[in-house]
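Labels A, B and C are assigned to the chains in the order they are written; within every chain, residues are numbered from 1.
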Amino acid sequence: MSAIPRDQWYVAAYGSEIGTELFGRTICGEPILFWRTRDGSVTAMADRCVHRRFPLSQAPSRLVDDRVVCGYHGFTYGVDGKCVAVPGQTRVPRTARLTRYPLVEQDSFVWVFIGDPAKADAAQIPRAPWLDSPGYTTVRGMEPLKARYSLLVDNLLDLSHETYLHGGYIGTPEVAETPITTEVDEEAGVVYVSRHMADAACPPFYAKSTGLEGRITRWQDIEYTPPCLYKLHSRIAPVGSVPNPDGSDPDAFHVEVVYAITPETEHSTHDFWAVARDFALDDEGVSAFLAENNRTVVLQDVEALDVLERVIATEPDGYQELSINIDTGGLAARRMLQRMAAS
Amino acid sequence: MSAIPRDQWYVAAYGSEIGTELFGRTICGEPILFWRTRDGSVTAMADRCVHRRFPLSQAPSRLVDDRVVCGYHGFTYGVDGKCVAVPGQTRVPRTARLTRYPLVEQDSFVWVFIGDPAKADAAQIPRAPWLDSPGYTTVRGMEPLKARYSLLVDNLLDLSHETYLHGGYIGTPEVAETPITTEVDEEAGVVYVSRHMADAACPPFYAKSTGLEGRITRWQDIEYTPPCLYKLHSRIAPVGSVPNPDGSDPDAFHVEVVYAITPETEHSTHDFWAVARDFALDDEGVSAFLAENNRTVVLQDVEALDVLERVIATEPDGYQELSINIDTGGLAARRMLQRMAAS
Amino acid sequence: MSAIPRDQWYVAAYGSEIGTELFGRTICGEPILFWRTRDGSVTAMADRCVHRRFPLSQAPSRLVDDRVVCGYHGFTYGVDGKCVAVPGQTRVPRTARLTRYPLVEQDSFVWVFIGDPAKADAAQIPRAPWLDSPGYTTVRGMEPLKARYSLLVDNLLDLSHETYLHGGYIGTPEVAETPITTEVDEEAGVVYVSRHMADAACPPFYAKSTGLEGRITRWQDIEYTPPCLYKLHSRIAPVGSVPNPDGSDPDAFHVEVVYAITPETEHSTHDFWAVARDFALDDEGVSAFLAENNRTVVLQDVEALDVLERVIATEPDGYQELSINIDTGGLAARRMLQRMAAS
């Protein structure tokens, strides 16, 4: 049985990745063709010609006035996926039509619905408004991961690994030492994991971007909405600073770290990451620093998880894991994902 | 069940590839050893030593006076495949003998019979006489294809793809637009597909080689003898020109495009191609142009079919295809190949 | 069923390979972590963290004062394999412990016991005392082999291949021509194969290292103790020279060629080789010559056996081999290994 939940929304791309060229990407094992039509909206349909299954995103396939022409025999499709021309005859078979995917462009992401289109409800897509809101500046990227998506979920739900895998970047001893609190909202389908460090060293990632010196108060509040969207609300402030009763928090720096965890296949993942901040909004030096440093951190995870995927692939079935308190959030997430995949 | 028909003749090599060095090639999954003996004839036998299965085509195996000496332990074989010497003892086991393959060198090709040798009838080998006839000049090559042979059969039986995959080389709009006629001779085991374009653009491939300018009459007459030999009789002439009642055709240029489609394994193919012409026989510029252009066209097919093989390999079983009129010849060929493979 | 015998000792490394850095190697499919503790002894334990199976030999995992700190979440282990620290909590789960492997460092090798530790008896490890004895000088190496270990056993038990695969190095016509005698000691678990050449050409390997010119007496006495240790007692002397009745043998040159044949996986092998000599003990030119030449010979085997592994992997099951007298020792070894693997 597949470990990938169906009838779910997944991030397929950043909106900025899709232009007026054909763009192919495999999402949950399904090859999908994207392009931005002349009216500016993004369209998504099956990336296989109905005739002999040639990929429509593959040259010499091409786009002519919002019509896709297959590079093998010239089958031609409109924005609605319907075939409008075939070679050697004027009659186009009625069944010649590409499957279209429900699609929403929102919060800088292109979301597609994988599963039964009748179940697609755009209201269920979780939000990450900072990624294209005024008041925030965002850096972002996507790294391909040669590992199953659940390894990335494990990784992000347990940030104690920052101390070891990301030491010198975002990890300090306090991350691993400080206990977490975990909360699961089964109805809303959200896992919360919080770690509030009252008095911690400031890692270079935050020291250089905020200018804070010395020890800090550092809060990590994770909010994961399986299967795809992960948000880390990160609060950095001078030691002792707390938000005001009205919610304002003028002494603190806020960083919204957002991941979209999208299975490419059963054993590979698109690892989208974005870092939105509410300070130094126009400082390009800070943007460049955060982009480069977060990408380095993501690549450290990618390297470790690629190793783990190879380890698991060569283990005999039924290998043992040992879980401790730090894994509470990750285990809750696994259970939710297993239920989703089984349903 | 294998998709490769047995008890059939296949082209294993051009005669020019086989010299007095050991030459190994896998045909229909069978590793075969070839060399040209001192009397000038080509011999073919199993490319595995009977002792520990070391490949006899692999250095330091070597040929000494028409005897093959295995590079591992020195088992030595004569032209008839019989072992004549083994290490450490004078008695040679009676059963130490390499399987030989029926072989015919004809029309510039080396044909081998894969299957039960008792069924090998050289009279059943289809002919391509132009490839070594006076009155024709031929250019040729072989490209390895990482795709099942049936994808190349599909490709060659439906030339409407020339317009899209080979535009700017041999394709023009008329190829895809002009309907075909298909005929199947079940008794002789031949599929015919014809497309006669009365008034068509002349693609660069023919314009530069014939010197014809402007619009042309272009005939494509395919004659495929499954499983291996494919011939495209190509006729290029000024618009309106037809052959004389006696068959002479002095105003036309004739090109015989010959493919030998030989499975290497279930999922890879030797793609032999040759282009014989009855004009500009001694013009080396024309030869160089046709050789380079046809190789480019073949490599365009190779790239597309390698993609298709990967697509099919990752599809769930039972994927759908949609066939139209242009596929009539290809579907007839598939049926003949399936019957051959099942028998 | 695995072809690899369990409950056996295998060479995992040369002692010189293991220092105070973490060192990982897979032995018989089991990933093992090695390091030399501060007291100078070598330790061996499972190379997978009990938490999420991250390899402990993989950076950023590291060694701190004889404790291994996992590079993913910081699980920390002592020399006895017991976990002594985990992140986020002070209580360490009682079951958090890495499997340790019985280990003996002897004759320059690090031996580990693969199987049930209760069955590990160090007295059963076969000896190769020359490799770190005064009176001998040794050159050595290890080459990775992408072939199952039984192909290397076959190779080494039948030295007639020296004439063909290693001609110009250690092979001469007499090796393949001279019959062998084979003896099997089932109780002790040893296969002996001897080939005494009374009057043979001296191959470059021995001519350049001993200075002997012209024809020689050459004895090859193999002693293989399955599964891992292979010894070739090689005696080179002027024609007609025999040892004295008291065992002294002053006119002869003695070379002890030792192989440790350790499965890495079912289809790959660590090919340890060492050449110990009782002459020219301090001659660095001779050492360099023997090291380079023996490595060349080993690599000739590696190339041939890698080819054979690919051949066998693509053969249909039930392929035939034909065995002759030279294979008597190899077939005896195979039977012993099959019994060991089945028990």
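Just so it is clear, a contact is a pair of C-beta atoms (placed from the backbone, for glycine too) under 8 Å apart; a residue touches a chain by one contact, two chains touch by 3 or more.
The structure displayed is predicted, hence computed values, not measured ones.
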{"item": "Superposition of subunit B upon subunit C: rotation angle, C-alpha, nearest 5 degrees", "value": "120"}
{"item": "Interface sides of subunit A and subunit C: same vs different residues, half threshold", "value": "different"}
{"item": "Chain centre separation (subunit A, subunit C; CA means) in Å", "value": "48"}
{"item": "Of all residues in subunit B, the ones touching two or more other chains", "value": "none"}
{"item": "Residue ranges of subunit C in contact with subunit A within the complex", "value": "48, 50-55, 58, 60, 69-74, 86-89, 93, 95-96"}
{"item": "Complex interface listing, subunit B residues touching subunit A", "value": "154, 158, 160-161, 163-165, 167, 176-180, 304, 307-308, 311-312, 315, 319-326"}
